[in-house]
Every structure is written in structure tokens, then in C-alpha cells.
Amino acid sequence: MKIGKVVGTVVSTINSEVFDARRLLLCDLLDADQEPTGDYLICVDAVDAGAGETVLILDEGNSARQIVGWETAPIRAVVVGIVDEVHLPS
Amino acid sequence: MKIGKVVGTVVSTINSEVFDARRLLLCDLLDADQEPTGDYLICVDAVDAGAGETVLILDEGNSARQIVGWETAPIRAVVVGIVDEVHLPS
Amino acid sequence: MKIGKVVGTVVSTINSEVFDARRLLLCDLLDADQEPTGDYLICVDAVDAGAGETVLILDEGNSARQIVGWETAPIRAVVVGIVDEVHLPS
Amino acid sequence: MKIGKVVGTVVSTINSEVFDARRLLLCDLLDADQEPTGDYLICVDAVDAGAGETVLILDEGNSARQIVGWETAPIRAVVVGIVDEVHLPS
Amino acid sequence: MKIGKVVGTVVSTINSEVFDARRLLLCDLLDADQEPTGDYLICVDAVDAGAGETVLILDEGNSARQIVGWETAPIRAVVVGIVDEVHLPS
């Protein structure tokens, strides 16, 4: 998984029911120090994450299908959790 | 998923029926600000996207096979939607 | 899929019958303007492509197994077509 | 697989039981000389690795599901071993 | 597939029988001219490759599982052949 930050939402009509009730989040990918990398992913929201929140992104089709509970969903990247803390022992 | 921009089409004879009635789109990959990254993907068109349109690209085999409704299709990247709006709250 | 250019062949003994009658092509990956990117893939040839030809590369295991018609083949990247034309409307 | 170094842990509530009893490790990816690359992965811990330890990271969904013994787990990257030695003959 | 060069071995205890009788090879990834790229993969050895040998690396889980003949093996990258020759017609 990677750490991301929700920076926006994408509106698009996709011909698959799995997207009907789910938002698409534009997530900046963060580095290990939680700074933006310049890369991003469009992720299906599974945790009702809001703009500015730091999240965990799981980018694998079969995992994403388990998260949304839909075996045939055309889906790959999904926001699976809001990051409460990154603990870096010194 | 990633955001792309349709910049052309590719003509190639591929020995698989899934490609017979479908166009191959040359899509520039865009960054989070919708500027070209210099990278691209050749995608199967599932939404009748035209040149210059901003699209959503889903790059996973099993997802692509669901989108075209063909369980054994040799296919990975597919244009699944036309982007109506990218909303970036300030 | 990506666009590649066949620049050579690789000779290697691989302990799997799927490789017995198939050539391994060294393909430079091209950018959207069909210039070399510096990256490459070793691909199984499915279309009898020759040196110097511009080809379509599909890089996914399940797709490659469908193309060669062998459900358990250990194979991922495959040349699936020769590119006849890339049409870039101005 | 890649070589990584455990630099921290991530605390996040994820709505899947597979994460209930497992830690998420922030692992810096190391290069072949075991120096940091600047890239990282958030991995599920399968070996009780501690901060500062050099580990082997396996980044594939089906492999990860086998490691945790859970066929439907939404999981991709997993720490599968602690590296005892990297032997580089001169 | 990619071309690699075996530069070392990795010693690690992994809790899966598939690794019991197999070596883990540290392979530098080579570019199309067979020069090091700076990147590497830790691969399971399927051909008894020695240090300094140029090899073919197949990096896909289902392929790797076929190569080792173990349907549930947690494994992704595997050395599948020793490169006898790279033929680059001028």
C-alpha cells in the first residue's frame, strides 16, 4: 500500500454499477515523509474520506473487489483507510 | 485509475475477436493538474471517446475483461469513462 | 498496451514447452511519438514480427496466456500485433 | 521481491478483519547495495519485524493472501522474511 | 521479461516451503545493451544460475507458480533461463 492525500474528486459517467454509489477520489501519492511525490491515483472511496485527509491506498484488483464486496467489479485502486498516525521511531 | 487525454488511434491487426469492433486509443497520461506527463497507454475504447477528450483509464486485466463483457479477452488497459469534471476544493 | 520496436531476439533455454516453438523478441519501448524511451521488454512473439517492425505489446499474464492458447503458460509480455498506422489528428 | 528496511508503523482503521491482528510496516525500499532509494511501501507484517531490520518484501496479491492464509484478504505487499545476509561474491 | 545479471544471493528465513530448497538470487536488471540500470529484483532460482551469469527474469505471480510447479506458492519473480545470446541485427 501507499500513503496518499485526498485533493479532489472526479466526476465521470462509467457504465458499471459499482461506481453508481461511490465517489472517485483524486489522491496525491505521498512519500515516506508524507510530502507529495507529484504522482497520483484516482481511487474508489471505501471509507468516506474527505478532502485533505491522509489515506491508505490499496492498488490491486482482487483486493479492491473484496473491499467493495463485488466479485466482478471493474476496479483496481481503492482508499481502504484513513491514516491516524505514522509512527517513526528515531 | 489515471486520467488521460485521447490524442490518436492505433491501427493494428490483432488475432483476437475482442479487437474486431473496438478502437485502440492512444492516450497521453495526464498529471493531477491535467498536464501531459510524457507517458501514454494504448487503451481499448469502451465509451466512444473522441480525440481531445479527457478520459478515465483503468489498467487491469480482470477489470478490462469485465468492462468488455468477455471473460477470456486478452486486454488490460481500457477507457472506462469521459471525465466531466475534476473538482479540486481550495 | 505499449508501442514497441523489434530490435533483436534473445536465445535462452527455458524449461517450459510454451517457449519451444516461439521466439523471444527484444523490443524497445517507444514513446507516443514513436521515439525510443530507453526501456525495453522481452516479449513472446505471436505475430511473426521482424526486426525493425513497430509492434503492439500486451504486458499481462492472463492476456498472454489467452493469446498463445495455453492456460498454464508461464508468460507475461507478448507481441500481439504489428502497428499499421498511428493516426494523430492535429 | 525487493529488499526493504522497516522505518516505522502506520496506524489506520481498515474495515477488513485481516488487518485486525497485523501491523502495517512503513518500509523504505533499498537498492542492491542496501542504500535507501527514496521509495517505500506500506506492508503487512508476517514475521514480527522490528524497526531498523532489513526485510524481504513480496508485492503480489495472491502471494500475500497465501502468506497470511486468507484467500479473500484485501492485501498486496507483505514482509515475508528478515534478511540474514546478502552475499555478493567479488 | 527482463534481462538480468546474477550478482549475489540473499539468505532469509521465509515461512513457506517453496523457499526451502530454492536459492534467492539478487539480480541486477540490465538495459537493452546489457548494461546495469541500477535497479534489481530478488528472484527465485529455477535454473541453477551462477554469479555473473546473464539471465531471463519473469516477474509475474501465476507464471512463477507454474515454473516451480506449486499452485499456491507465494512467489512472483523467477529466473527462468540463462541467456545464451542476444542477437541484434544491424
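Just so it is clear, A, B, C, D and E label the chains in written order, and each chain counts residues from 1 on its own.
We take it that a contact is a pair of C-beta atoms (placed from the backbone, for glycine too) under 8 Å apart; a residue touches a chain by one contact, two chains touch by 3 or more.
On a predicted model such as this, the values are computed, not experimentally measured, just so you know.
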Distance in touch steps, counted as few as possible, from chain C out to chain D: 2
Shared chain contacts [chain D and chain E, defined touch]: none
Centre distance in Å when chain C and chain E are each reduced to the mean of their C-alpha atoms: 20
Between chain D and chain B, distance of the C-alpha-averaged centres to the nearest whole Å: 32
Touching two or more other chains - residues of chain A: 61-62
Chain contact graph, described as a line, ring, star, complete graph or other shape: ring
Circular arrangement of chains, read from chain A onward through chain B: A, B, C, E, D
Of all residues in chain C, those that touch chain E in their complex: 7-16, 24, 26, 28, 38-43, 51, 61-62, 72-77
Interface residues, chain C side, partner chain B - complex: 1-3, 31-32, 46-47, 56, 58-64, 66-67, 80-89
